[in-house]
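The chains carry the letters A, B, C, D and E, assigned in the order they are written, with residues numbered from 1 in each.
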Amino acid sequence: MDMIKRIITKRSAKTGAPPGTLIHVGERKMENPRITVIDYNEKIFDEKQIEEVEECIPFKNRPTITWVNVDGLHDVSIIEKLGKCFNFHPLLLEDILSTEQRPKMADFGDYIFIIMKMLRYDASIDKIISEQVSVILGPSFVISFQEADNGDVFDLVRDRIRKGKGKIRKMGADYLAYTLMDAIVDQYFIIMEKVGEKFGGIEEDLVYNPTKERFRIAHELKRDVLLLRRYIWPLREVISGLERSESPLIKNPTKIYLRDVYEHAIQVIDTIEIFREMTASMLEVSLSSISNNMNEVMKVLTLIATIFMPLTFIAGVYGMNFRYMPELEMLWGYEMVWAIMISVVIIMLAYFRKRKWI
Amino acid sequence: MDMIKRIITKRSAKTGAPPGTLIHVGERKMENPRITVIDYNEKIFDEKQIEEVEECIPFKNRPTITWVNVDGLHDVSIIEKLGKCFNFHPLLLEDILSTEQRPKMADFGDYIFIIMKMLRYDASIDKIISEQVSVILGPSFVISFQEADNGDVFDLVRDRIRKGKGKIRKMGADYLAYTLMDAIVDQYFIIMEKVGEKFGGIEEDLVYNPTKERFRIAHELKRDVLLLRRYIWPLREVISGLERSESPLIKNPTKIYLRDVYEHAIQVIDTIEIFREMTASMLEVSLSSISNNMNEVMKVLTLIATIFMPLTFIAGVYGMNFRYMPELEMLWGYEMVWAIMISVVIIMLAYFRKRKWI
Amino acid sequence: MDMIKRIITKRSAKTGAPPGTLIHVGERKMENPRITVIDYNEKIFDEKQIEEVEECIPFKNRPTITWVNVDGLHDVSIIEKLGKCFNFHPLLLEDILSTEQRPKMADFGDYIFIIMKMLRYDASIDKIISEQVSVILGPSFVISFQEADNGDVFDLVRDRIRKGKGKIRKMGADYLAYTLMDAIVDQYFIIMEKVGEKFGGIEEDLVYNPTKERFRIAHELKRDVLLLRRYIWPLREVISGLERSESPLIKNPTKIYLRDVYEHAIQVIDTIEIFREMTASMLEVSLSSISNNMNEVMKVLTLIATIFMPLTFIAGVYGMNFRYMPELEMLWGYEMVWAIMISVVIIMLAYFRKRKWI
Amino acid sequence: MDMIKRIITKRSAKTGAPPGTLIHVGERKMENPRITVIDYNEKIFDEKQIEEVEECIPFKNRPTITWVNVDGLHDVSIIEKLGKCFNFHPLLLEDILSTEQRPKMADFGDYIFIIMKMLRYDASIDKIISEQVSVILGPSFVISFQEADNGDVFDLVRDRIRKGKGKIRKMGADYLAYTLMDAIVDQYFIIMEKVGEKFGGIEEDLVYNPTKERFRIAHELKRDVLLLRRYIWPLREVISGLERSESPLIKNPTKIYLRDVYEHAIQVIDTIEIFREMTASMLEVSLSSISNNMNEVMKVLTLIATIFMPLTFIAGVYGMNFRYMPELEMLWGYEMVWAIMISVVIIMLAYFRKRKWI
Amino acid sequence: MDMIKRIITKRSAKTGAPPGTLIHVGERKMENPRITVIDYNEKIFDEKQIEEVEECIPFKNRPTITWVNVDGLHDVSIIEKLGKCFNFHPLLLEDILSTEQRPKMADFGDYIFIIMKMLRYDASIDKIISEQVSVILGPSFVISFQEADNGDVFDLVRDRIRKGKGKIRKMGADYLAYTLMDAIVDQYFIIMEKVGEKFGGIEEDLVYNPTKERFRIAHELKRDVLLLRRYIWPLREVISGLERSESPLIKNPTKIYLRDVYEHAIQVIDTIEIFREMTASMLEVSLSSISNNMNEVMKVLTLIATIFMPLTFIAGVYGMNFRYMPELEMLWGYEMVWAIMISVVIIMLAYFRKRKWI
């Protein structure tokens, strides 16, 4: 049942509601939503956590770059107020709240809307966790929405802004949006390493000593790979859409960087495809390997049966209690029977050798 | 035989008839056709059930939005009259009546014709039921045709119009057509949840304890998934056709909404593909798992046979009734035989241990 | 050997001949070729069977629509004369005579040349028969060529012309050509029903009670489906080529009808793909099912062997004839042996229960 | 090892040489290269075998069509001189000498360069032989290069020129090039027939009586089909490249003929794809068939073992030599044992019948 | 674990660093980096090894062609200085240092950046080694970066420049870049030969005598083929991108040569695809072959068991020690039992012959 949850998020609650209706689809992943605002340019840096959405209005028209980050989506009113404040399209707000979206990109003219999947490996439950991250890129602002506080991924970006590392303070909002995307795609490489480790961990074993447990792991790996593919595959279009976009929101110098993320995404997809093909090959080889093992087992059984069944029969014959059995009375009868039995063994072995079984 | 019915609707009756001949192809799914007319704009709302097709003529040229819904297709004359009344192309009418159509979209200039499949899960027979819905979008009217009364799906839309929920009363006929499409696609998510549940229900079992019954379910799931794919796949083209259409019937604000339905459809298709791949993987793993089980069984058999066959043979030898068998007369003969037999067992076990069977 | 004939028609006779050489490639399927001419417009209708090709020359330049139908291709001279008469390209004539052509469409400017495959189910040999139909569409004439007299398919069209059913008498030669194509595609649905029936007939059985005979049928079905696919798949291009054609020979009103045939063809192709996937799934499931059955059989065998082999061995031991076997002399020896044997059985059964075999 | 040779021609000798270096890659297939020149137009016909490349220079600028055919490529100097004489690009000469090229087409402006594979079935070694044919088409000349003298294929063309059969004497150099291509593609049909025969020869057998030898043949067929595909697949692009070419070297009337060869190539490719799918299906069905057979065998074994093991055990019990075994002394003991044994058989048979094994 | 390393290079160290951060990702493959400068035109040739990056600055603006080759990437400062010196984009420098890049091509206007994979077969560890080669093509310079000193591949190029072999001294920097690419692609053919040899080495064996070891090799081959595909597949785009490029850096005469490398790359990809399909077929056939073998083994076992079990039972019956067993006392009892036993054998053999097992 767990699997369905991973493939299909229940949307039933929403069925029939008019489009643009704001309902949070997904689990509530944190207690209280948190809104952080970072406002900067080459010289200025201002960072604060705000309580009320309204507090971020003044930042809207400032020439500095403003990054509003919202952690936690279950409080629909926050999204609604933000939407009103910045005049966003209702469908956009609906998409932010529906956490089962495919990665996508939509150019609304005044702003560009991007949905991506952030992937995290949760060691405690040995599972890959996916969370939806929505990013709205405006002329001088970036608003990002996360289902929960995945602090450390975006913290690195925050840190770079704070300390003015790299070019980030010198570039516009588009570069900030790129940086967030880059941070997310960077995580994918870590996930790939995790999957690769699991993969490497069962590969040899599955081929040589297949057990139910290992088949279960292989099957789960395949499922994980399929799910990852689903999250990452549409990213190609998203990023190349941004790169080829003619929107004035994305300036040319940033496009080279987008090309770079694009290539990273392709690299991840390549790796996923290799895992997919390798899993198939692994199962195929393991099936052949099992059949081969069984063949060996059967040969041993047949060998033993074929040698001892006739012998036991012969012994059985002379174990019969007929009154008149001439052989029993013969002087060398016993020795002759042994001779016959040994001949049978030799003939059988010769036959098997001829058939290349031994 | 049931399966053929699900894949191929009998069209034989129609073979050879001139194109445009109106014959109802499909089952009769309700007693009497029912025609409902809803006429509205931002201020006006009028809803009634009509008996005669002619009654809807006056609505044709009113500036208000008119939605004519026809439930039940077996009464060909209704469709014919409607067709004459609105001056529809005969092939369009023929398509409405042929319930085995693929989802499609055709722009006739004055009106746009859309065919979709409405899917419903019928719990009583544990089956997914598909019904054809045809929608004709004109400048200020929408005419929809259903095979049977699937009330509740479109009722939600009716309710929204009645109560003026959302934007529907402020938008044109194109938005109404979109709303109907959206309602249909929303149903697909429910179907996907159903399939997902069935899937999750047998997955573990099929891999660990495969039985004929479970294989049957897996095979049926695969069939269902293939049929769903067939109904939903062409939807991509239909919706993107509408979205890219240059027809004045579809206004720009509605296109963003169409994009939204398009993305929902893609999401459903993605899920279908995952189910397809997972079913394949499931069968593959289960085959390996069965072979593996058999291997275990064979090893036990071979072990037992390999140990007891030689022993039984030895016992057989000394059960022979030859008059002259020196061993039988030996004082420690019996004990020696036991010693030999125990040695055989030890050697065999050592051999199996070496081959890693035990 | 029969299969090769169905996949590859012998063209060896033709190898090396200059292009445009008229040689009939294929079987002779009827005694004497038959040429029928129908000449009509909205008011006039004239139908006759002619003996000499030359008789159809006068029809060539009349404003009425002329349909010349040739049944039987083995008499090369007829095709040649017709070709000269209407000034057709030699390659076109060669194609008409080569009955192994793929469906194709070629626009020669003054006329359009179409090759299709007519499919018929021959109940007497339980096989699907394919025949090549070539159609040449000129400004006011249609010439059709069939390998044999498949009367009834085109007879329905003839009948419609005779009786003026539908629009056929009001439309041009392009509509007539469309009607012929439509009649051929309509046949495909009947073939699909036939295949579907065969399919449904073995599906259940193959999964539950696979036998050689059923595998043979499944394999043949797969072959049939592949062959059908080969005949029908190229049709998509043919029809969409006609639809998108800018030739003045095809008028706009006819294009909507061509779209309709196109959709029918796609529907048939969809069904073929489903059959293809279902056959694969069927074989896959049946393989799993067989392995599963074998597993059950093996478990029974192992159970029996594992219980009775030790027992038989014990009985064998006390069947030995050693002079000094203390147990034999014991008062309760026989009962003790039974006790041991029953313990063995209980232990074995417990072991099997633990492994979940019983 | 033979297979590598068929997939990869050793190019090691060439590694590191500057591009345009003329080295013959491939086997030497004939003793002495042979150069034939045919010069013709509608009225003139001149054919001779020349010793020195220089002899063909005078033909270069004549208005007549000149066909130079070179059999045997190992003498690099001939190719080099021809290249200088006609001023060909060094890479073109290199390609002619590298016999492992893919079919390709390159337009060098003044001339068009075409590489194709000629296939021949060599009955003596039961193998399909591929040879590279390069064709250079200039304004009034065609130069063709073959690895060996495959006389008869091009001889038919020569014969047509000599006798003025067909249009060949009336058309230009492009038509001659087409004719050569057509002759090569015609050979493919013969190869397909050969493969089809082999295929038909093992199909039935593989499904019903699979043996190692038959599996070997199936595997080899698959390999052959893959190799053929590799040779023929790129031809599509080559011919359609020529057809769509805007080079003045290819005149419009010839394009219809090129279309014809194109369709023949597609037909061959179609057939190859069918063989590919059929081979897969064949192996799949044969695997199921083998498993099915084994199931039957196992059932017989289990039946026999399950019936006779308990019986033998019972007999064993009463073969024991305990002093005190009350049953042995009973008057009807022997008959009772028989009764028990017969009951066991009946119970077992009933059990098997219930499980539908017999 | 080794496999993960081959599929995924650890990038974790880099995660979160701002783009353009120069960190060497990959193994350190040589002790000290080495920089070689070759400066040449048709008349001049100057070659030296330099210690400090700054030494190559004077070469930058000379009209002669300058080739700077850097072996060893772990010393980030070298790359950095070179980057500053030539004013390269920071992302380009980052890419050079990240050795897990996909082959790619980027046109930066003033220079073109190319990443390729050089493949080498290391006989000592029986593995294919891949190393990243980056090439920057400027108006009159080429800078190449290698992870280690793969001397001999580029040495051949150096030698050609030194000795003025071929056209290289007469052509520009683009031709030099092409020559390097050509040298790399030439290596692929050698790798293909190696894979082909391995492949040919196990093919026969896997089909006839499958062993675990051979399955392991097959699985590894499949993995190798997948990895090769990953390295070589993107090359198509890279080279065709260069060929279609409108950059003034690539002159027309060089494009014909690029076409040539392109075709070589396609040829390698073709071969990889054939290996992929052949490996699949090999495993498939080998699975059938194993099953077939097992079938043979099972038949022998069943034959032996079915013949000797009844015989042993009969012998067992007359080995019973009942006091009253009339048969035992019969004069011809023993001979009759033999007669019965022989009949049983004959019946069984007849049965088997009927079922075509013997």
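Just so we're on the same page, contacts are C-beta pairs under 8 Å (C-beta built on N, C-alpha and C of every residue); 3 or more make two chains touch, one makes a residue touch a chain.
Just so it is clear, the model here is predicted, and its values are computed rather than measured.
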Neighbouring chains common to chain A and chain B, by label: none
Partner chains shared by chain D and chain E (touch criterion as defined above): none
Copy pair chain B, chain C: interface residue numbering same or different (half cut): different
C-alpha-based rotation, chain A on chain C, 0 to 180 degrees, nearest 5: 145
Chain centre separation (chain B, chain D; CA means) in Å: 41
Separation of chain A from chain E, taking each centre as the mean of its C-alpha atoms, in whole Å: 25
Of all residues in chain A, the ones touching two or more other chains: 287, 291, 294, 298, 301, 305, 309, 312, 316, 319-321, 325
Chain order around the ring, beginning at chain A and proceeding next to chain B: A, B, C, D, E
Of chain A, residues touching chain B in the complex: 1-4, 7-8, 10-12, 14-16, 18-21, 89, 91, 95, 100-102, 104, 106, 210-212, 215-216, 218-219, 222-223, 226-227, 230, 280, 283, 286-287, 290-291, 293-294, 297-298, 300-301, 304-305, 308-309, 311-312, 315-316, 318-321, 325, 327-329, 331-334, 337
Interfacial residue positions of chain E with respect to chain D in the complex: 156, 160, 165-168, 179, 182-183, 186-187, 189-190, 192-193, 196-197, 199-201, 203, 207-208, 256-257, 259-260, 263, 266-267, 270-271, 274-275, 277-278, 281-282, 284-285, 287-289, 291-292, 294-295, 298-299, 301-302, 305-306, 309-310, 312-313, 316-317, 319-325, 357
